[in-house]
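The chains carry the letters A, B, C, D and E, assigned in the order they are written, with residues numbered from 1 in each.
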Amino acid sequence: QEKVTIQIDGAAVPYYLPMFVADHYGYFEEAGLEVEFLYANAADILNNIAAGNVQFGFPNGDAVISARANGLPVKVIHSTYQRGIGAVLFKNASGIETPADLEGKKVAVTSYGSPNYIQLQVMMAQAGKSVDDVNVEIVGTGAILDALKADQVDAIVFSMLRYYALQAEGVDVGMIASDDYLPSKGNVLVTSEAYLGSNPEQVKGFITALDKALRHIVDGDVATEVAMAIKEYSPTFAGQEELVTEIIEEVFVKTLWQSEDTTANGFGYGNLESWQTTIDTALEYEAIPEKFDAADLVVEKPSEL
Amino acid sequence: MSETTLRRLFAVATPLLLIGAWWAYVTIFNVPRFVLPPPDAVFSELVRLFTSGTIWPHLAHTVGVIVAGFAIGSAAGFALGFALGKWPRIERIVGPYLFFFQTAPKIALAPLFILWFGLGLTSKIVLTVSLVFFPVMVGTILGLRSVPANLHSLCAILKLSQREKLVRVELPAAVPEIFAGLKVAAVQATIGAILAEWLSGGTGLGYLMVFAGTTYKTPLLFAMVLVTSLLGIAVYQALALTEKWLLSWR
Amino acid sequence: MSFDGKVLFCEHRPNNETKLGKVEKLKQAGTHPQVLVRADAVTKIYRSRMGESVEALAPTTLDIHEGEFLSLIGPSGCGKSTFLRILAGLETLSGGKLEWRDGAPTKGSDVGFVFQEPVLLPWLSILDNVRFPLDVFRTPKNEGNERARAMLALVGLGAFEKALPKELSGGMRQRAAIARALVYRPRIVLMDEPFGALDLLTRDRMNDELLRIKNETGSTIVFVTHSIEEAAYLSDRVAVMSARPGRISALHDLDLGPERSEAIKDDPRFYQWLSTLRKELR
Amino acid sequence: MIRTLLTLAGFILAWWGLVVLFDVPSYLVPSPWVLAEKFWFLTTQAALFSHVPVTLMEIVVGFVIGTFVGVASAVLFTRFPMVEVVLNPLIIFIQTAPKIAIAPLLLLWLGLGATPKIVLVAIVSFFPVLSNMLSALRSIDPNYGALAKILKMNALQRLWRIELPQAMPLLFAGMKVGVTLAVTAAVIGELMGARAGLGYLLSLGQETADVSLVLVAVLLLSLIGYLLYVALGAVEKRLLGWHESRSGALSNVEG
Amino acid sequence: MSFDGKVLFCEHRPNNETKLGKVEKLKQAGTHPQVLVRADAVTKIYRSRMGESVEALAPTTLDIHEGEFLSLIGPSGCGKSTFLRILAGLETLSGGKLEWRDGAPTKGSDVGFVFQEPVLLPWLSILDNVRFPLDVFRTPKNEGNERARAMLALVGLGAFEKALPKELSGGMRQRAAIARALVYRPRIVLMDEPFGALDLLTRDRMNDELLRIKNETGSTIVFVTHSIEEAAYLSDRVAVMSARPGRISALHDLDLGPERSEAIKDDPRFYQWLSTLRKELR
């Protein structure tokens, strides 16, 4: 049994179901792995992977692009979420429905270097406007949600998962998914080039376990697994099993974990073309310093590693 | 060599030694750039920031928050310390709330500050003040309470007014305690300013750090860490000098 | 005795011209001496940390007359300092009361106090320390400096005005504290062993200076000392205290006349008083 | 005690009143009742109290280390002023360097467990202790140094029997500041990567927009800090009965 | 004089049986008194904050004999404390040197010092303060308590062992400080106006106790006082100092014999010495 650590973006929310299922049903064990879950933010995760502090990470795909462009030797070994999970969130009372409505509104992003900001720029461009038409506010991740809740801003560009969290809290929110304007990837499985080189067995094992878990969920009963995950891994969600199940069935199973690509090539398929589009757009908006090849970053077919 | 020459020597030598050690560590252990960039990368980043002038608005913003936060926070801490130190009853009543509030992690309270004071400069200064006032307050309370009993007797004999007693006797007597608090407060002010900028706004060294952090520009990140620390050291040294001057009678 | 007639605080100053004791003289003139402040069955009980209580002062009654020089003598720990501090309002009473003829002094410049240890502000020079009360009373700086310098010269510290307290010897610090208490010519001066740390010569000089100042200003002086000679030499009256619980065991009106000088030390009455006081202290 | 409870009750009532009166939505500031419910829920369903010892341990161990190193450094600095000249810039650098920026470095050096958190707590609580202790040691009446010299006390005796007692009031002031900072440091430490602890719960609450969870975590953290503070105060009261700051010299009331 | 022969520190203690002065006696016996420490052209210049310098002690040469009682008298600020502190190694020398017969004392229990102000540790009870040196020297707690209690009884503070220093009167604090300096029976005791804050009676008692302790232990005592009587009553030798710059202007070997008691005050030689010393102080 090899001890490995995976750092997951954020905190123990039941949406990381595949990880929990793989752990609960012993899929990791079968693969010869003893996996420890830790939680942190995306930048720290990627730094820790690159530095060798942890073996695996599960950050946002956009963050991986930025890391790679700045020379961190990280590798996406499993494009777990096939779509981006960035979104514009707003209170429905604000009257916002389409990106064009953002004109003249106060919109918060976490920084001018963040993928959210690119997403906003692309959206405005596609609506025939420019980012200069909105009042961009910079609000850090720690405060951005509260800024929206307290009406300090009209909209935020952030994770679509917050849409569900806000709804659960009783806030009447609306959402425009960024992926409809700029394809990208949500959470993806990452390791370092060095670890991939030295421990291919472990990497393969992890991917196998993850795929098995995804298969288990998709083919099985989401509600059962969600109940299990909440009970064992994410107890603060107790009582929200139904809502979570619905979100996972409707959003994660249908649009995030599976796509045409995964039907053809298996879970976690890395569509290099789509990745390249995201990379090129980031370059276009000067979010990354230089162009690079998606193939250098992403493993196209994880199962063939 | 006299002590002053030694001091001057080390004032230059210590930083150089540290930079040397940093450089050696990075080269010998082959530490990757994204974990800890070599000193020269950080310095060329600094040079770039200063020659292109991009740093100035950020620097000015942060210095502004530090100075305002430190000034207001110290004044508030002093005033509170004065009230609590002089009237133990007040301490018994409001003390627990103050201490309770103070132990609450500010990162968690920051959204609350934004809620109450908006996204602008006010909430940043308030956040900084909330970190700065406490050490000054504790120092002031202790300082005022440690004034030797016989000095109180002297003031009673001469019937010094409350204000006069404060200015002429209690403050000078409490200088060591108050300055111990102020020095901690100076460090807290820089931390507060960075934390505040980390939470909102698109200018300031703290913002640049977030920017650098999320975009993996480690040399920029460490350049900012360096500049921030230099700011902290500057404020601290200014305080130490003032204290030395005020306590030259010892 | 009733306090009738609204006489201004310290207004009435006897002009000592005869060789009679002050109280005596006033008695002759058919008037009682003016009582400036009366300690009426004043007691002080300290409660120590351990909860035990120390009766520092048993009920003590004493009139202090306007313009007199009253000495307190008694064994160590008998309550002299306590009584002095009570008079100065520095200590709360555990019982009894303090009756001031015209109400307790309200101005800082009314009372001068020399503490048993010199209480100087360590961050001020000697000159600034001595000028300190004048600064507090808003005397113009120039005048203040002049008066403080004169006072410093008087106590023999003229050359040390720029020194800090820690740069002085013990006796010099004590002298600086005396200068500070006298520089504003208070109406009542309370002195707790002011000359204890001084050599004989300096002490004699200071004794004479003190008398001179008192005669000039007509101040009332309450003086704690361990020296019987000093008490006899300086005082109109001497209160002898005895210990545990502290109380006044004897009160003497010395009949040595108001004018004192070295000559008095040849007066047989002076020696009589010395031996009386010495006996009472045993 | 009774008064403490009363003021607490008053505070909670005022809070409730404000929430009801201004109809504050619970996603901004939850009412005490909502919070109590959350607390109960977390305790019964989410093993809330398994998170407390994790953070408490980090705080206490880090704080003790920080205090100890702070006192030791202060002593070293006063004995050898040159050491201070050499180390002071480094110390202030470490203090002001945003911990978030050096988090990966800390993990690189110290691993993923409790160590980096403890080190972080130690670093921040170290500074107020150092600053106050230095000030205290420098304020000691030189007469006591003379006494120590006469008795030829060795450095340790001098420290233990003269300097420490004398420095106690300022040392405690430093520790009180230190303990409040320690709580924040533990939270920051847990943000760098954790799977348990109140700081972790806090970030979980922020991640899931769960205000009540955030508040429960914050209140528990504050409570830990406050109780440590009160404990320090109690120890101080026992040790410092002799000191002016404890004898009501200001109010001039008799013992 | 050469320091020949390796004699253990304080080993040789003269047994005073005759009525002769110690120095005299030793001279008769054909031996020089043993020099315990010699101050050889010792000077002290203080540099004040303003950069001015004060010559506290002009080059001063003085032998201190083993087992003697030497008093220092002189006007306030003449350098008595400075000289004492130099002997104790508390002050660096600006010039000259200090020669100890057997090297400077190495053990803390060799030297006792009574400071001009009582330097008590405010957090310790009076008993703990007096036991403090014994604790430092690792005397067993029981024995320490016993000896400290005995010493406290001697200075009349038996009832106050639990009190804190701030709960004592000035004189009581001073007595506690004396008890602390004597409790470990040091070979050489340096006392800076130890009895200045005491009343006559207590002072006389303390004088006799001091002599008794000295005779028991054979300690060497260097004693600063402002009281000429005290100096004459206690001392084998008296050094008279004069001020600015401080120096020893006269050194007297008192021929009053080694045993002192009240009786000595009837000795005409005693009065002669008093007047001699008094004159020299003017």
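Following the convention adopted for this analysis, a contact is a pair of C-beta atoms (placed from the backbone, for glycine too) under 8 Å apart; a residue touches a chain by one contact, two chains touch by 3 or more.
From a predicted model like this one, the values you see are computed outputs, not experimental measurements.
J.: Report the chain whose CA-based centre is farthest from the CA-based centre of chain E.
T.: Between chain E and every other chain, the largest centroid distance is to A.
J.: More C-beta contacts across D-E or across B-D?
T.: More C-beta contacts join the chains of B-D.
J.: Counting only Cα atoms for the centres, state how far chain B is from chain D in Å.
T.: Once rounded, the distance between the two centres reads 17 Å.
J.: Express in whole angstrom the distance between the two chain centres, defined as the mean CA positions of chain A and chain B.
T.: One centre to the other, that is 38 Å.
J.: Could you tell me the distance, in whole angstrom, between the mean C-alpha positions of chain A and chain E?
T.: 84
J.: Report, in whole Å, the distance between the mean C-alpha point of chain B and the mean C-alpha point of chain C.
T.: Taking the mean C-alpha position of each chain, the two centres sit 51 Å apart.
J.: Touching at least two other chains at once: which residues of chain C meet that condition?
T.: Residues 46, 48-49, 90, 117, 164 of chain C touch two or more partner chains.
J.: What parts of chain A, by residue number, touch at least two of the other chains?
T.: Only 47, 51, 142, 145, 150 qualify.
J.: For chain D, write out the residues touching at least two other chains, lowest number first.
T.: Only 28, 104, 108, 191, 206, 242-243, 247, 252 qualify.
J.: Residues of chain D touching chain B in their complex?
T.: The contact residues of chain D facing chain B are 4, 7, 11, 28, 81-82, 85-87, 89-90, 92-93, 95-98, 100-102, 104-105, 108, 127-128, 131-132, 134-136, 138-139, 169-170, 173-174, 176-177, 179-180, 183-184, 187-188, 191, 199, 202, 206, 214, 217-219, 221-226, 228-230, 243-252.
J.: Considering the complex alone, what residue numbers of chain B touch chain D?
T.: 3, 6-7, 10-11, 14-15, 18, 35-36, 85-86, 88, 93, 96-97, 99-109, 115, 134-135, 138-139, 141-142, 144-149, 152, 156, 176-177, 179-181, 183-184, 187, 190-191, 194-195, 198, 206, 209, 213, 221-222, 224-225, 228-229, 231-233, 236, 250
J.: State the interface residues of chain D toward chain A in the complex, per the touch definition above.
T.: 25-28, 41-42, 45-47, 103-104, 107-108, 111-112, 191-195, 200-201, 203-204, 206-211, 213
J.: Where on chain C is chain E touching in the complex?
T.: 46, 48-50, 52, 54, 73-77, 80-82, 116-117, 156, 162-164, 167-172, 175, 192-193, 196-203, 226-228, 278, 281-282
J.: Tell me, which parts of chain D touch chain E in their complex?
T.: Result: residues 141, 143-144, 146-147, 149-153, 157, 161-162, 165-166, 168, 240, 242-243, 247 of chain D touch chain E.
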